[in-house]
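Listed next: structures, encoded as structure tokens.
Next come two complexes, and both contain subunit A; in the first it sits with subunit B, in the second with subunit C.
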Partner chain A sequence: MKWTRTLLVYLVLLTGAALTLAPFVLSVMTAFKTPEQFARRSSLSWPDPVTLENFGVLLTGRTEFGRAIVITVLAALLLVAGQLLFSIMAAYAFARMRFPGRDALFWVYLSTLMIPAIVLVIPLYLMMAQLGLRNTFWGLVLPFAFASPYATFLLREYFRGIPQDLVDAARLDGANALDVLVEVVVPLSRPIIATVTLITVVSQWNSFLWPRVITTGNDWRPITVATASLQSQYNGNWTLVMAATTLAVVPLLALFLVFQKQIVRSIAITGFK
Partner chain B sequence: MAKRSTVIAITVAAAVVIVGAVGAGVAVLGSRDTGGAAGAKGDTTVTVRVWDEQVASAYEQSFQAFEDKNPDIDVKLTVVPWADYWTKLRTDVAGKSAADIFWVNNSYFADYADNGDLLDIDKTLGSDAKSAWAPSVVKQFTRNGSLWGVPQLSDAGIAVYYNKALLKDAGIDPASLENLTWSPDASADTFVPVLQKLTKDAAGHTADDADFDPASVTQYGYNAGNDLQAIYINYIGSNGGTYQDGDRFTFANPKTVEAFQYLVDLMNTYHVAPSAADTNQNGDFSRDQFIQGKMALFQSGLYNLKNVADGADFDWGVASIPAGPEGRVSVTNGIVAAGNAATEHPEATKKVLEWMGSAEGNEFVGASGAAVPAVTDAQPVYRSYWENQGVDTSKFFDVLKNGTIPAPQGANFGAAFGAYGPILEDVFAGRVPVAEGLQKAQDAANAALDG
Partner chain C sequence: MAVSDGIRQRAATVQRPGLRRARRRNAIAGYAFLAPSLFGVACFLVLPVLVVIWLSFQSWDLISPARWVGLDNYRSVLTDGVFANSLLVTLVFVVIVIPVQTVLGLFAATLLTRGLPGSGVLRTLYVLPWICAPLALGVVWKWIFAPTGGALNAIIGHRVEWLSEPQLALPAVCAVVIWTNVGYVTLFFMAGLLNIPAYLLEAGRLDGAGPAALFWHVKLPLLRPTMFFVLVTSVISTFQIFDQVYALTGGGPQRRTDVVAARIYYEAFESFSFGRAAVMAVILLVILVAITLAQQLYFQRRITYEMD
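Our next item is the complex of A and B:
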């Protein structure tokens, strides 16, 4: 009866794979269809003729999707740099330095994770408006350019796992806190740093609510908002939307293919096995 | 500790490179905000905000022509998509950062007019200016004796797109569509029998056949459904009912109830229209069915003309909407460009508004057939565009001669629409009796108006 079990397992796995992949296949198919075909024929029909029209409209038309991609990449770069720098320093302080109220402070900081992001939108918006940063690049990135509680938490847990002996040895050699962080802790923590980087890139790439609130028009909107803006009052423009999602997913796919090993390992690290 | 300095140096270098690259990128992207190459120093920038990409393309040509004539004024156009437009406008007007000129429609302008956020056009451009603009649009945007925007687009009226082949198969002469009458009184109604002939199930039975299976409809007769502009407001009007009295909602008006009852029966009793499950949430469903050749009659406005013309690969035509007990009464709707009362450049803003209200400035909108200009002298451009495409748009304009029902309006309309919308969905789905549902919708909408 072993083969029936194998068959069953594969059947379940294949169904799961099909359910997961079907939306992507459908969106890529739609991206290569003419709007006429999309309106006239079944949405499951194969693109005929295959057209690059949608991508052309996106990149050269009034949508300025190319600009949105550049903005998204710049924002991701800045956020990754900022979050890594500040989260690593904060995590080190929380993990290895001794000062009164350290743990209490950490738990208070961590508890901000429990506050739904949507609650913060209005205060953040008012702050940015006061600073005159509405509809600017800095308004888009500043609220998230510093440490995030989640990244700090992940890093702290990992840093705590590094043997104290190593730190003590470095101390004996005359290293100060910064030396220990840069030369002992960070080199030993590459896997978790890769994880934090990936989490930051992906969450930034997909963030929608804040950019939608803080930006107006084409000037500073990232790809998520640009994609949503493709739909007009009387027209869904689905072929354009799907071309946009196809373009948006390509960089992430490339990232995944390059860093496959690290990603799988990072999932193991964060415990979502 | 040589290694230490290298590591730190690399980290610092990387940080500098990233921040520098991002900063440079942002600077490049941002350079166009300041007017870019087009404007010299000292120029005044007037910002204009709209929600439609197609019209925005036309505006860009129009503003180019304006800038050629007024080299000291730059016009910066921003498109904020429809889905965000009203929420954005509200926060931006409150924060005094709205554009100098922005589009408003009939449903939302009253709030801003009442709050003093809009320039009074009669005072800004003179009260004679309005004689050049479509009277229906001027009337819509006149509130408390003043006009609150420069008319830009006019939707004209509602008409019925028909599929010639499907009519022919059913043995119906397109010319006979002009004689159809709908009525709450079944003996006076000539519309339902035609729709029944045009509706078919999978086995080929038409809707008037005893064997007709409403669960397997493959061809719909008509797009009765939860569509304010194309469907129900026109039925209310042509039955002598009302949608609003002033700003208050009047769904429970007996004539209005009859109109809704008729539509609900078309959907749920005669099954000649797609079910509410398909159309309540998806405004495009019926249009897609029509374009796919699965719907015989599709009642809509000029706003769908381009979609139908581009999408349909069969022969189609345009007929008048069915006459009701009060004849044919259609809604008509306009869009105006409103001046921001808080503008920092009142003189330049006035010049741009004048340009947008001139035939020369407004014509660009009609030239591509995307929308009907609201400046009367600019309208022939639109009609001739479609005549050249072999489409006669006269039915959309002629229907207005029989009388119109006002489009939704009033302060706080957005909140009222949010309150009554879901109740109407229940009415169309047959989950609530029509009269009871409409009373509830009226109460909810008026309660929302009161805040």
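Our next item is the complex of A and C:
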């Protein structure tokens, strides 16, 4: 009786896992097929022979997919660095410093969390157009390089939990606010900084709407936009398109496998995205 | 703590003449730390909201100069039925996606918190779709649904136009969204279930409650805060769905999947009716702010109620 129930539970859970994984497995299988094999045999067949042809076309051909990957990496690095640095500074100011208007400003930060991306995209596009930054790398990153109210919020909560005694002790030793932040607060906040970094990397790697709006052509588009335009350009050429989605997804899957515990925990404590 | 407070007080008494100067220096340091982030918030979050409100009263196609048109955009958006359709489609999305993913997530979470070996690995697997680019997965599903060469038709063995059949497109897109979200919902319910104190479950068992009674009368009521959090965040994110719709249907067929965010995008960046798009954006913002505030009020009232 007991073991039949356990068996049933596993059966249900494994069905769920199979349904979750099937799209990944099937799309990767397709990415390793030749177009001829894809046309002749069932879409569910194993790739035979396994070919890297599609990836070769993507990375060396006219699609300039390699360039899109480089842009994605550069933009993600820059945005993570900017958001992390400036949000740590802002969170420290909100958590540990006294200045007039502090609480009102923090309230403004919290309210901006309610603004959906689609609402921001229209005015941001017009603002970037006025600055002449349409279809440039700076247009792609500038609006998001300075602030992440969400990261600021998470970091502030954590900084507030650091015992005041440690800060006071450093100050009595003659440390200024910057020393305290760099030598006391940041080393004690590694877990939350790791969480914020992971969240930011994932959301920047995956972002689509703003890059889709601000870039045109192949020069500055990241991998998501490149995948979307490949799909509309080479409609029906699914082996190539699935190679593109594989490239867009695999780096994150790798990141996920390495930082699995931290990522799951980060989602659970922050509820991103 | 008390000792350091004492030290601070003494320091303050000793330096009283310089106190105001110290305070001003502190204020300057505070603003200096805040400055870059505040610049970003002011320029790229607060200013855009003001611009979009201003824009909703303008007629502007980017080529000719912007022109004040009063409430004309609001009138056209609210009367021509296109936006009403988008609101309706979005509501249908919410009504389909949220109950299904909540029930599936809760079910998976109850199975995964039975302490069976392998639960951790399975939980990780379920979250995979959540961390990948919704756009890329939308394209993957576009292939799965493809009439020729698609995986789904290969499995069922005959040709179905999943994404261009008006009756099928919306359920198909909903299925993709549910597939993406279930793992995320599961994660929160697992955390909620694991937080239930063991003695409460034990007490229930001693009172003769079976697994079903335990679920309905002990676990579910105690999951209320988790349930509430999951529902509110899911409603808010479902209202903003864009990437999957863009990849799968582009809002078609016959505007059956034309969710609000997609409509705003096409209105602005394909029809270049920035004024109309701005009106829709303002309305969406108002809806989302209302949902968030309602949630805050509800939470505050519940907390005071439970304190009594």
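In this section, the second predicted complex is superposed on the first by the 241 of 273 C-alpha atoms of A that agree within 3 Å, B and C clash if a C-alpha of one lies under 4 Å from a C-alpha of the other, contacts with A are read in each partner's own complex, and residues count from 1 in each chain.
Everything below uses one rule, namely that contacts are C-beta pairs under 8 Å (C-beta built on N, C-alpha and C of every residue); 3 or more make two chains touch, one makes a residue touch a chain.
Please read these numbers as outputs of a predicted model, since none were measured by experiment.
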| item | value |
| --- | --- |
| Which of subunit B and subunit C A:Asp179 touches, first, second, both or neither | first |
| Touching partner for A:Ala228 - first (subunit B), second (subunit C), both, neither | both |
| First, second, both or neither for A:Val264, with subunit B first and subunit C second | second |
| Partner chain in contact with A:Gly236 - subunit B first, subunit C second, else both or neither | both |
| Which of subunit B and subunit C A:Ala129 touches, first, second, both or neither | both |
| Partner contacting more residues of subunit A (subunit B vs subunit C) | C |
| First (subunit B), second (subunit C), both or neither touched by A:Arg62 | first |
| Touched partner set for A:Thr195, first subunit B, second subunit C, both or neither | neither |
| Partner chain in contact with A:Met114 - subunit B first, subunit C second, else both or neither | second |
| Which of subunit B and subunit C A:Thr51 touches, first, second, both or neither | neither |
| Subunit A residues contacted in one complex by subunit B, in the other by subunit C | 39, 85, 125, 129, 212, 228, 231, 236 |
| Subunit A - residues contacting subunit C, complex | 6, 9-10, 12-14, 16-17, 19-24, 26-27, 30, 38-39, 42-44, 85-87, 89-90, 92-94, 97-100, 102, 105, 108-109, 112, 114-127, 129, 142-147, 149, 152, 163-165, 168-169, 172, 177, 181, 202, 205-206, 208-209, 212-213, 223-224, 227-228, 231, 236, 238, 241-242, 244-245, 248-249, 252-253, 256, 260, 263-264, 267-268, 271 |
| Complex contacts: residues of subunit A adjacent to subunit B | 35-36, 39-41, 62-63, 67, 70-71, 74, 77-78, 81, 85, 125, 129, 134, 136-138, 179, 182-183, 212, 216-220, 228-236 |
| Complex contact set, residues of subunit C against subunit A | 1, 4, 7-8, 23, 26-31, 33-34, 36-41, 43-49, 51-52, 55, 62, 108, 111-112, 114, 116, 118, 122-137, 139-144, 146, 148-151, 154-155, 179, 182-184, 187-188, 191, 229, 233, 239-240, 242-243, 246-247, 260-261, 264-265, 268-269, 274, 277-278, 281-282, 284-285, 288-289, 292 |
| Residues of subunit B that touch subunit A when the two form their complex | 1, 3-4, 7-8, 11, 14-15, 18-19, 21-22, 25-26, 29-30, 33, 49, 51-54, 56-57, 78-84, 88, 91-92, 95, 97, 283-284, 288, 291-293, 303-304, 307, 310-311, 313 |
